[in-house]
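Chains here go by letter, A, B, C, D and E, matching the order in which they are written, and residues are numbered from 1 within each.
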Amino acid sequence: APVEISFYYPVAIGGPVASIVEDLIARFEAQYPDIKVKPVYSGTYPETISKALTAYRAGQPPEVAVMLSTDMYTLIDEDAIVAFDDFVKTDEDKAWLDGFFPVFMVNSEHDGKTWGVPFQRGTTLFFWNKDAFSEVGLDPEKGPQNWEEVVEFATKLTKREADGNVSRWGMQVPSSLTSYWLLQGYVAQNDGKIADETGAQTYFDSPEVVESLQYWVDLAYKHKVMKPGVIEWATNPKDFFEGRAAMITTTSGNLTNIKTNAPFPFGVQILPEHKKRGAPTSGGNAYIFNGVSQDKQEAAFQFVKWLSSPEQAAEWSIKTGYIAAREDAWATDAMKAYVAEFPGALVPHEQIPYMVPELSTHENQRISRVIDDAIEASLTARKEPGQALSDAQKEADRILEDYRD
Amino acid sequence: MSGIEIASLNKSWATFNAVQDVSFTVEAGTLTVLLGPSGCGKSTTLRLIAGLESASSGAIRIGGRDVTNEPPARRDLAMVFQSYALFPHLSVAENIVFGLKVRKVPAAERSRRLQRAVDILGLSHLLDRKPSQLSGGQQQRVALGRAIVAEAPVCLMDEPLSNLDAQLRHEMRKEIRSIQKSLGMTMVYVTHDQIEAMSLADQVILMRNGRIEQKATPAELYLRPATAFAARFIGTPPMNLVELADGPDGAVVKGANGPALVEGEGSGLLLGLRPEEIRIESTGIMSAIVQSIDYHGADSILECLVGDQLLQVRVDGVRRYAVGDSVGLDWKSEAMHVFDKETSERVERKALVSASGAGEALALRAVK
Amino acid sequence: MSAMTLSHHTREASFWRVLEIGACYLLGLLWILPLFYAVWMAVHPPAYEVRFELFAPVTLQNFVDAWNAAPFARYFLNTFALITTILVCQFVVCTLAAYAFARYEFRGKTVVFMLVLIQLMIMPEVLMVENYRTISKLGLVDTVVAMGLPYMASAFGIFLLRQTFLTVPKELDDAARVEGAGPLAVLLKVYVPLARPIYVAYGLVSVSYHWNNLLWPLVITNSVTTRPLTVGLQVFASPDQGVQWSVISAATLMTSAPLLIGFLLFQRQFVQSFMRAGIK
Amino acid sequence: MKKTNNMVAPWLLLLPATVLLAAFTHIPAVMTFINSFYRTPRGNRPARFVGLDQYSNMLSDPVFMAALKNNAIYALGTVPAAIALSMLMAVIVNSAIRGRALLRMSFFLPTVLPMIAVANIWLFFYTPGYGLIDQFLGLFGFHERNWLGDPDTVLGSLMVLAIWKEAGFFMIFYLAALQQISPTLSEAAALEGASRWYFFRRVTFPLLMPTTLFVMINAIINSFRLIDHVIVMTRGGPDNASTLLLYYVYNVAFRFWDAAYASALTVVLLAALALLAFVQFGVLDRKVHYK
Amino acid sequence: MSGIEIASLNKSWATFNAVQDVSFTVEAGTLTVLLGPSGCGKSTTLRLIAGLESASSGAIRIGGRDVTNEPPARRDLAMVFQSYALFPHLSVAENIVFGLKVRKVPAAERSRRLQRAVDILGLSHLLDRKPSQLSGGQQQRVALGRAIVAEAPVCLMDEPLSNLDAQLRHEMRKEIRSIQKSLGMTMVYVTHDQIEAMSLADQVILMRNGRIEQKATPAELYLRPATAFAARFIGTPPMNLVELADGPDGAVVKGANGPALVEGEGSGLLLGLRPEEIRIESTGIMSAIVQSIDYHGADSILECLVGDQLLQVRVDGVRRYAVGDSVGLDWKSEAMHVFDKETSERVERKALVSASGAGEALALRAVK
């Protein structure tokens, strides 16, 4: 009898993800007749981990689940997942595992073992409204290349009505959800680091981080080119479409959305630099669960390996807009054809060399909440960035203390 | 003053005409009783006057003002509901002064009126109880209390005493009448109790199936009922109605070989005789046989067979008669009422007999 | 106020009355406005989400997109099954318990009642892990029953029905018992019919709650053949790439449509059930 | 013999409810309670008894304190408003006003819609500048506001949504209760010349007390229990300005996976709610049942 | 058969003893009337028998079985409630057969009984109405219908006819009695109407303030009231009670210079004379002056001054008397009742006078 495994996957983007997944599985099952995969759509990322861990604790975990790469430590601490290393036996397996871009593997490795495999990954990109650029006399084909230019452009682009109401902001960076993620971009450009790779140490109060946050806050309060207060993640692209924000940063997952809905020509590029280029990664890994039988885990491994092989990774990327996490996927014919047709799809690829791993620690959600709170407090002018960040670091130290040896 | 005039009032529900073409006038400061069998439209008429139902057609004037479309609050009247309508969350005292509070009567005046009312009603020891802790009669008295303290120019009462015992009822009746008179209230009073109707009313309106059967003073209603229905409705036991037949000298009781009782033809007519106006004498107008005896405390009812028809006769106390006795029945000529069998209307006919007995039981009638 | 008292007032149409009625309508308008807005968004292309133009092109594309995002047809079916199961069980379980609380005196009543009330305050999500364990011990994971079980003894329902039963006139209970009705017969023939409006209200509430409940069904079920509508709706709730309000509105309207239509259709019965059960 | 009968009958009636409640509420809740005295076990680290540590941690947890404060404000703001509005709506809809069917519908519909979806739509209303609310206020010359992005307005914005969603829900119960009041009472009062307001104050309102008790308890509990809109619209932000207690519990349990701390928080939340509800219940229940 | 025995029953509420030490027996197949002023505990007693209230102490046996702690449904009885207790959600027909459905009486039998009941009650045209669409009297009849169709061995009725007019009431009374007799029902019937009590009861239990004042047959209650209260409670207008004083030859009416009426001393005693047993004769036992005249339809009440005390006298119809007339009062010796003023208990004394008039108004009493 075929081995049956279940596969939890979240849907974090628009489009017919469920049918794409089913397609993939149908093909997989055709190639591996002795494995049956049951796809289970499991809501958003947070819901997926809730569901998977609940099931795991009750003794019925899925075999494979796609969860945030940053949840790796949480999953390890829960003893919920197993490392891939035990399944990697053949050279072919090894080649497959080595084929991922290293930056995506940072959040997948711990203690010398590989716990997750990059599956649907993303990054942040910079978008601008070409019409608005023309309107204020900027070259519509060229986005700002560094922090200073951003301020300069944004000041020109910010439009104030006679009554003081601002009808267009120059720049907008969302801050309502995982705002640390956007901060990380600035920190990378400022040649800083927000955390180390052990998952037990953060550097929230380091000067690079404080400067980065200060720059962000200044956009709103000093340069007055960004809406003060917290900017809703979900309305950010809409503000862009409505001409309320001339330049925005947002996830690469928004490429298609902006392409179809922006009623004006827009530009897209990698993030502007400061001391250097820099941007965070994001998105989900595939994990194999603990607490299921050996042969199921083996089958799960086969499935994950197949899923993240070049052809599938390319197909997944083309159909969903996620970044294919291995170079060989970009070399497939399908991918080449797609990029030729839609050059914007290449922008994330361009950014890969500058990418840094997304913040991922033990008690990841708690830590990210702490830093998010600090960012929000600064953006709402409740605290000075320096103060907010040193408070956050203290709190993080308290939480992570147990995990340091 | 606030007299009430009702003109061709009609009220119909989807399937049913409860009040049909009712017109009457209640003079200011007088008391009119609405009387009639169950379901004849008394309460509905009262509710129309109060403005709790809207008339299908017709007009209502109170104190000369057309109030047909006025809301109840503007009609300045008080009412006792057949179902009491007590506020379950308020105490007896609060229930009674509810309306006074609404009308912002000063506290002192309020408690004065409350005191007087509960004294009259014998509720003084129950002031703090909730309605659910009262007996039926006590609840009814609370409802009455609410109307009494209102001292409204017009007061409507729907069977306000139905759950009280004879004695209390008698007292309450006297109190109501005296309050009504002393305040010069105009009152419409629904009752099913004839004694109440008779002793209270300045005018009685007898209803039947939503229509007025007779409007009259109590004495008139008793002495000259306009229809066979009115005749039988007033008096307990009700008036005897026996069929008449043609006789050689005038109308005779059908099936009996008695004397001619009234002039003219008898067929198609009914003779009415009240049980209490028939006396048993050794020699009476007609002879009869006692069929049954019913003991009622102060008096008894004999059922006597005359020809093939039964007559009820009321006698004081318990007489020495036995079932099967042959007796003579006697009555004054004024005691006879004649009705058309078909239309049920009263017919005036000259009486041919008069009491033969020695007793002076039925003296000349004097309306007080 | 009885109908007629008000009709008199209307006739008067005094200034205050007009003002009052105006205020009522304004309140009503205010309340429905968000829904109107959702409808507007649902039937126009995204570009018109914020622009009110009378002749903006009307489209059903949003609905098509929403419909295609998940196997909604099947989800509808599942939701119906779920709702029916839950509703029937809730009615039975809650009615019995409420009756015990409303009309019996027994030792420990207050304590048990408080224990019931506690459930009102516990968010079921908090107990999810334990409940998952229980359900999987019962072997019911991924079934309609599993989605319903934790909700069948609804403290809300018990509390609500108890309150209602307490207002049923005692004399009716008395009359029925004298007529020979045992406790259950009294319950079924007097209390339940008299509480009908409350059953309708509770039913509505329960239906809309479970129609909209997400987390537990998501966690306890795995397959398209058991999952309810909300799981489908969840596809749109992920803001990673910005929310598409037109499609969300369309999806909301689409998934709530049976509820909305049901309410519109049964509005009359719904209201009549209130009217008729009124104690005279 | 009959005495025992009397004791058995109520328990039989309660049996299904108690079994279900015990299985899916009480036993899990007790487990939760017990967990609160341990440290959360994590894979390699077993649970360890820590006594009241979790509880003392709470006192120094700024997020918990913020949540406590927010929730108090939220409850004080939403409960009376929802009660007053729902009562008003019920009275309106129960009167003979023309078009009351439409009014009833408009009041009630928000209740039917899923909170997640509604919250998403409202998210849009609150969008600074072109959102419905700013557009509307713009007509009166107000400047745009970052409703959800400003700690001063975010909680209020959530409260408005909650009231909008809940008032119609409670209206139904008031409506049902109004229908149970005998019309002869209003007739009697009308005759006495009672204004509608007076009748409402002195008769309707007191007679609605059992319903108000019910609604109040539910409204309070809901103010601690409904967090869907927080999840969708603000995720507690900015800087915890809209974090409600249960949302925090939810985070601790399902994002931080700190079951023990979540348990401790739940216990505190429950204790607070139970206290509130029982006080109300104990004090009011006796008073409101006049029958 | 199902007789009822009540032994030292007590019922008290927090603040109030509604029923105190009540004991009586209702023989199987007989009808007992509970009579007494408003709030005296009649309904409470009935509810105790039905099992709707639990007794504070005492025992209730029905058909020999101790039912003190049985639930109502196990007592196999029917009841008419003073407040009707109709189910608002059921039609008239459904209300009436409610109990039959509960008891699973077959449909055919059900509709047979329903038919009979509504014919008797005159409700046939109202079967589909809801209680709220009925008049007060109609509602009461529906309540009655429910008890009639039950054909239970024991039937309790709480003022079942209070809202009906005299005629309907009379008919209903007869129907109830005949049903009760034909089915051999044991019935306890609460009424405030003495006529009803007198004409229906096999036994009357007169209550006062929660206690039994007198248990007796109707005739006994009328003829030999055990207390001054019982004496005045039965009869309308109530029995006259005049104070006696010592006279040379026996007790005389206080303040009047009439003859000695009863043997022995008079002070501290009350003489009872029913208004309807006093006759006006030219030469009577005592002379009196007419103070007022009250017209009541079939008869009138004269208020006469004897010494300093007022006596009410009932005369047939409207007599020729006028206020201020001097008349003679006459009565049979059996009409005199003597009570202790202090204890209110009946005192047996030999009468010293007898009727002097020619009329045979008060013939020898024969209990039927």
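The rule is short, and it goes like this: contacts are C-beta pairs under 8 Å (C-beta built on N, C-alpha and C of every residue); 3 or more make two chains touch, one makes a residue touch a chain.
It should be emphasised that the depicted structure is a prediction, and the values quoted were computed from it without experimental measurement.
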Topological distance between subunit C and subunit D, in contact steps: 1
Per-chain CA centroid nearest to the all-protein CA mean: C
Furthest chain, CA centroid comparison against subunit E: A
Of all other chains, the one whose Cα centre sits farthest from subunit B: A
Distance between chain centroids, defined by C-alpha means - subunit C, subunit E (Å): 57
Centre-of-Cα separation between subunit D and subunit B, whole angstrom: 59
Whole-Å gap between the CA centroids of subunit A and subunit D: 36
Subunit D residues counted as touching two or more neighbouring chains: 120, 123-124, 130, 182, 184, 187, 190, 254, 291
Where subunit E touches two or more other chains, by residue: 71, 83
Residue list for subunit C, restricted to those that touch at least two other chains: 2, 5, 7, 49-50, 129, 169-170, 214, 234, 237, 243, 245, 277-280
Interfacial residue positions of subunit A with respect to subunit C in the complex: 6, 10-14, 16-18, 38, 40-45, 47, 50-51, 54-55, 57-60, 177, 233-238, 241-242, 250-251, 253-254, 256-257, 261, 263
Subunit E - residues contacting subunit B, complex: 13, 35-39, 42-44, 82-83, 133-138, 140-141, 158-159, 162-170, 192-195, 198-199, 218-219, 222, 232-238, 274, 276-277, 293-300, 314, 316-320, 359, 361-368
Residues of subunit A touching subunit D in the complex: 46, 49-50, 53, 74, 76-80, 163-167, 175-177, 227-232, 234-235, 238-239, 242, 244, 363, 365-366, 369, 372-373, 376-377, 379-380, 382
Touching residues (chain side subunit C, partner subunit A) in the complex: 46-47, 49-50, 68-71, 128-129, 132-133, 136, 141, 214-215, 218-219, 222-223, 231, 234-235, 237-245
Subunit B contact footprint on subunit D (complex, rising order): 182, 184-185, 187-195, 198, 202-203, 206-207, 209, 290-291
